[in-house]
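Order of writing sets the chain letters: A, B and C. Residues in each chain are counted from 1.
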Amino acid sequence: MDNLVRLLAIEEIKQLKGRYFRFMDTRDFDGMASVFCKNAVFDCTEGAGVLPVGGSWKGERGPIVRGRDAIMDWIRDSFRDATSVHHGHCHEITVDSATEAHGVIAMEDHIRGLNRETRLVHGVGHYHERYRLEDGAWRIAETKLTRLFCDWQSQDFRVLTPETT
Amino acid sequence: MDNLVRLLAIEEIKQLKGRYFRFMDTRDFDGMASVFCKNAVFDCTEGAGVLPVGGSWKGERGPIVRGRDAIMDWIRDSFRDATSVHHGHCHEITVDSATEAHGVIAMEDHIRGLNRETRLVHGVGHYHERYRLEDGAWRIAETKLTRLFCDWQSQDFRVLTPETT
Amino acid sequence: MDNLVRLLAIEEIKQLKGRYFRFMDTRDFDGMASVFCKNAVFDCTEGAGVLPVGGSWKGERGPIVRGRDAIMDWIRDSFRDATSVHHGHCHEITVDSATEAHGVIAMEDHIRGLNRETRLVHGVGHYHERYRLEDGAWRIAETKLTRLFCDWQSQDFRVLTPETT
């Protein structure tokens, strides 16, 4: 693959992820829908807990949500009574073809109440992702969140699971 | 615009913002002056408080400071008795022409006492910026800081406002 | 130097540092060895304490570790009873030749117990680094960690020094 084309795709995917975080945190949920492919998959099974070294899983299991519309319904519902801060770090992107790429991006999030003061969750981890050029733009095709730690600072927030939605 | 020229400008503007943060936090205020255009504008009206969802503004209103010299005076005065950590995330840059660009960069800051231990402020938000190629280098022409949260951990620090300067 | 070659080197070095953090935090110490040059030098003398403004150094002095194998032994030993989160921000890279580059990257780390809950250290600072193209890939040739703050939240973790190793 041509090196300039590859660098352009990497920059566009970095900006895609920038928009994902910014739309999420500024509660622009309509804008946020545009970052996902129509058939996107969001795997949050490891997003709400943590695996101690040499121990076993602690925490809730989040859902696997399939399809852009279902993902956006899930995000709107989960954050109806909460706000968020999501920061992404050191995005590692591999371009696999003119229309396919994959990558890992480290993350930190702070979930708070609507007053932006009440602390609910503080976590860090990685998004493991696939990207696809669809309808003229790079979008998130698959994303899976894993955690290095996930501190629940209040019981007032929970990840909506298939059973609770 | 040529794609390689555009990527070069994006990389130079990312490094510009890296220098902004690094010069600020290592208290290299002479270096820091070089990141601003001569007629730069720093809008901090939303930099020292926060807007709850569905509520109204809480916190002080910072100043709008005009011109590189006035900006540097303001920063030196504000941080005379404080140190800082500023981190930038997921810089989204659009190059508008050979000499103009704009962008948004997420941020987190920790303001502390001179001992680097006493916690004064912890906040997160976004810088909304315009950049201009001036005197041979990309520099910040306009920047406005908005907040997702801004926790005041002590009353020992305040943003200097037009009334207090 | 050709601009496209320079941008490619910058992107590869950003991904190199992304792997450094990710291998470290996911405890992939075999993968982590690959990010260092054979004769790499890790200067941690300023990594475990802090210099107050107008004051004198507070904290332990970490070691200077020479050679990839010694660096990996030191890291494995230091983190035997701990986990970590390392985030990198606003990587500023200058490519000096086809095989040499240098840069600064801001950082934040959280060191915790193996349960990923017990807080041991929280710090921020900068890595000052040299990179070299060796055996077909960019790798870290020299790195020195400096701190803006370094909060020890427990005495249960210490940087292994030449005396203690």
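As a convention for this text, contacts are C-beta pairs under 8 Å (C-beta built on N, C-alpha and C of every residue); 3 or more make two chains touch, one makes a residue touch a chain.
Please read all numbers here as calculations on a predicted model, not as lab measurements.
Matching the C-alpha atoms of subunit A with those of subunit B calls for a turn of 120 degrees, to the nearest 5. Where subunit B touches subunit C, the two copies mostly use different residue numbers: shared numbers make up under half of all numbers in play.
Note: centroid distance subunit B to subunit C, computed from Cα atoms, is 26 Å. Each of residues 4, 7, 87, 89, 91 in subunit A touches at least two other chains.
Taken together, the subunit A residues at the contact with subunit C in this complex read 3-4, 7, 10, 50-55, 87, 89-93, 104, 106, 108, 124, 126, 148-149, 151. Contact residues of subunit A toward subunit B in the complex are 4, 7-8, 11, 14-15, 17-19, 21-22, 25-27, 83, 85, 87-89, 91, 110, 112, 114-117.
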